[in-house]
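Read the structure below first, then the notes.
For clarity, chains are labelled A, B, C and D in written order, and residue numbers in each chain start from 1.
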Amino acid sequence: MESSNVAVVVGVGPGLGAAVARRFAAGGYKIGLIARREESLAPVAEELRSRGATAVGSALSAMATMPHAVVADATDPASLAAGIKEITTKLGPIGVLVYNAGSYQPGGVLELTPEAFEANWKINCFGAFLAAQHVLPSMLARRHGTILFSGATASRRGSARFSSLAVGKFGLRALAQSMAREYAPQGVHVAHIVIDGQIATPRASLTASRAPGPVSPTMLDPDAIAETYFHIHSQPESAWTFETDLRPSVETF
Amino acid sequence: MESSNVAVVVGVGPGLGAAVARRFAAGGYKIGLIARREESLAPVAEELRSRGATAVGSALSAMATMPHAVVADATDPASLAAGIKEITTKLGPIGVLVYNAGSYQPGGVLELTPEAFEANWKINCFGAFLAAQHVLPSMLARRHGTILFSGATASRRGSARFSSLAVGKFGLRALAQSMAREYAPQGVHVAHIVIDGQIATPRASLTASRAPGPVSPTMLDPDAIAETYFHIHSQPESAWTFETDLRPSVETF
Amino acid sequence: MESSNVAVVVGVGPGLGAAVARRFAAGGYKIGLIARREESLAPVAEELRSRGATAVGSALSAMATMPHAVVADATDPASLAAGIKEITTKLGPIGVLVYNAGSYQPGGVLELTPEAFEANWKINCFGAFLAAQHVLPSMLARRHGTILFSGATASRRGSARFSSLAVGKFGLRALAQSMAREYAPQGVHVAHIVIDGQIATPRASLTASRAPGPVSPTMLDPDAIAETYFHIHSQPESAWTFETDLRPSVETF
Amino acid sequence: MESSNVAVVVGVGPGLGAAVARRFAAGGYKIGLIARREESLAPVAEELRSRGATAVGSALSAMATMPHAVVADATDPASLAAGIKEITTKLGPIGVLVYNAGSYQPGGVLELTPEAFEANWKINCFGAFLAAQHVLPSMLARRHGTILFSGATASRRGSARFSSLAVGKFGLRALAQSMAREYAPQGVHVAHIVIDGQIATPRASLTASRAPGPVSPTMLDPDAIAETYFHIHSQPESAWTFETDLRPSVETF
């Protein structure tokens, strides 16, 4: 359905968020980008725009529409609502939501302030709930949609000094399970991807001429991760993945 | 060590909280009780008092000290801090913390308000973090202590329409894991008990003459649960349980 | 590497085994097929042959080599060794192994004979160990290869009256984990796919003109499953899946 | 019921098997012991006898009946049947079964022979199935009984070079789940204890004067483990544990 040809990534940086946006753009999706800081959005939007321009007239012409980037705080209901509304107005109803925001403050339970503990949870989990609330109604109305949550090692293991991350990531997984069980029979594919390792974030600028180059073998290449995101999105209703893990071949687990 | 002979239950009602308090009192502990509402505390405190009076001169004389009950909101840092300080002043440093507060609002993701989603998380998870921060310093100083978290079916499974519970209970489990991995080597026993079923809460008043009577076979008897809490607390350092599950024999799982 | 362009499916029937063979054949692989009964192999081999013939001169010309089907018992070391040797001689060293054999005898623990209990384990787990032993040496020598294990709901849950299946499927998952941890750093991608539902096995003949047609929404379409097998096989070393689940959108889990 | 006051331990050595026997003997049970080698049985039986003699006239007089030790191979249906029959004839119907046999051969998948792979599975899993088949009928007739399975770290994690252990231990866990789901509603308490660490096995002779002495803090004291076995056995039907873990406070997990 043309009107759902919109994918929104919440939590965009130079790593996985950018790679997922690239992959869905290459797959013909109009892209909405949300991040808290303009600096995070600008280079990703710019890269997508230059790729889109190059692609006009080619097989990727479906991507002719420029990406739409919005600064919004995923943990603030009003800010996120405004951001998603702006994207929907510009691009149309959202068919794919990727929640990729995350936050980790290292430290033992006695080293974290209550404010920090709560703030981390809000980024890792609460924002996903808010974002889902915005996109679900139109997905349910169309009985079609995909919601992908970025998990981590800490989604299934609460390591020492990782509670600021694990509490939210466990919660995100619980939310994903609840949503999958509630909405899958109604046509919305909810999946949770456990990224079990460190993502190689390019330090260099993300330009159209970006050469991916060799990624450290101990880190996950964000474009490789994004390929699995897109695969899960592409699965027919007959065989949906709820959860998959991803790690470098050399990663200990 | 005499000075750590204090057990505090956060989240006291007529069911499990009361039963755990009874069990630790019977085991010689001075009991601190925390709940948000006076009505939840009064009957439990009264029951413990009358049992304690009866016990004077008996094997339970260690329990001669009366329980101390405090109204406090476990999700409010200042309120909980005041409550725990009051108990510590009255009874001494805390040797056992049982976090038993919980909250569940049934409903799909679109039926919950952001405020409700957050409020439930605060009761199910955030309050446990706050309570742990208060008791850990003296436990670590003594290299001795027990922290028990009450989990639920929703600690390991996010069912449809259960996100308000599962997000917090998954988070609580993450917190418990992080704490166990951080503090067990320092002498603090952190355990998570998955209560997989409905707890039979006595409707009748909790008096000293309370006859437990037959509990529905489909529900968990809170006194039976409390026995396992006390067993885990009693384990020597050589063989500590981190997680156990409990359910009625007839419960499907 | 040309010489590893061989995929072998152990446990071939009209359902998933056939679909996986089709998918890897379409991906340019030479296909080896192993099953205990000639009747299971013949229609699948025939379908692949007719597709291959059609494909000659097309993009699929890599599949020009005809499939090689061998009757062998995966639980019998000598029989399986002979079967795999025959395929290797005909097609070359094996680059992809899919272990898809499975067996389930419904019944409580008192209804199963020791012989049946053991026989089921041998099909569900022991045969996978044997098959892996045959393909690993050349994979390790090339530092390249893929081994995919077909799991089931019973891989992670031992239901009442399912011990004949669950014991072997849990064991298969343990084997897969051990192998992934041992061999992934040496370039062999080991993955375990949890198929959480019933696979729709076509009753109709599998001919080249087979129209997949609508599959029951409560069952998994084997071709959809096979697509995810191929995707996992195609992942770059930087982001490998060890475990994924698959179920129909309407499946309760 | 007097006639079910018999506990049988299959897989007895100087470590956990001996400790579990001691604990149930102290709890008033008549003890049956099964091991493959006479050398494993003799010192344990001797220790129990001397304790029993001492206990005559004391609170432990219920243990006046001497333990009965039988050499049998748990993986051989006929041998195990004979052993259990002998114990039942001497002591009466079995009320508690503890399956504690285990076997591990270190090595990668290419270093294990098919014979070794199968032999390990038979000890770790198949023998438990056989033993359960022998004790279940009378337990079900009385609607009362306890079956405890000794798990290990490898019950939930297939580490590299651990497949010989993990395949059987995963399988044992599957069997335990199936049995718990099938038989708990009929009054038989099936539980699985994950022993997550190395058990300190006394090298010294096990005599009545045995002083437990300090156990290495990195190892589990078998008597401490046995205490939890007995606790689980003692749980009322209203709150049964299916699975618990045990590890030393200093163990990394």
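Assume contacts are C-beta pairs under 8 Å (C-beta built on N, C-alpha and C of every residue); 3 or more make two chains touch, one makes a residue touch a chain.
A quick note: this is a predicted structure, and the numbers were derived from the prediction, not measured.
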| item | value |
| --- | --- |
| Co-neighbours of chain B and chain A - touch as defined | none |
| Which of B-D and C-D has more C-beta pairs touching across its chains | C-D |
| Inter-centroid spacing, chain C versus chain B (mean Cα positions, whole Å) | 48 |
| Centroid distance [mean C-alpha coordinates] between chain D and chain B, Å | 32 |
| Whole-Å gap between the CA centroids of chain C and chain D | 37 |
| Where chain A touches two or more other chains, by residue | 181 |
| Pairwise chain contacts, counting only pairs that touch as defined | A-B, A-C, B-D, C-D |
| Residues of chain D touching chain B in the complex | 180-181, 184-185, 187, 189, 200, 215, 217, 219-221, 224-225, 227-228, 231, 235-253 |
| Interface residues, chain B side, partner chain A - complex | 77, 108-110, 112, 114, 117-118, 121, 125-126, 129-130, 132-133, 136-137, 154, 157-163, 166-171, 173-179, 181-183 |
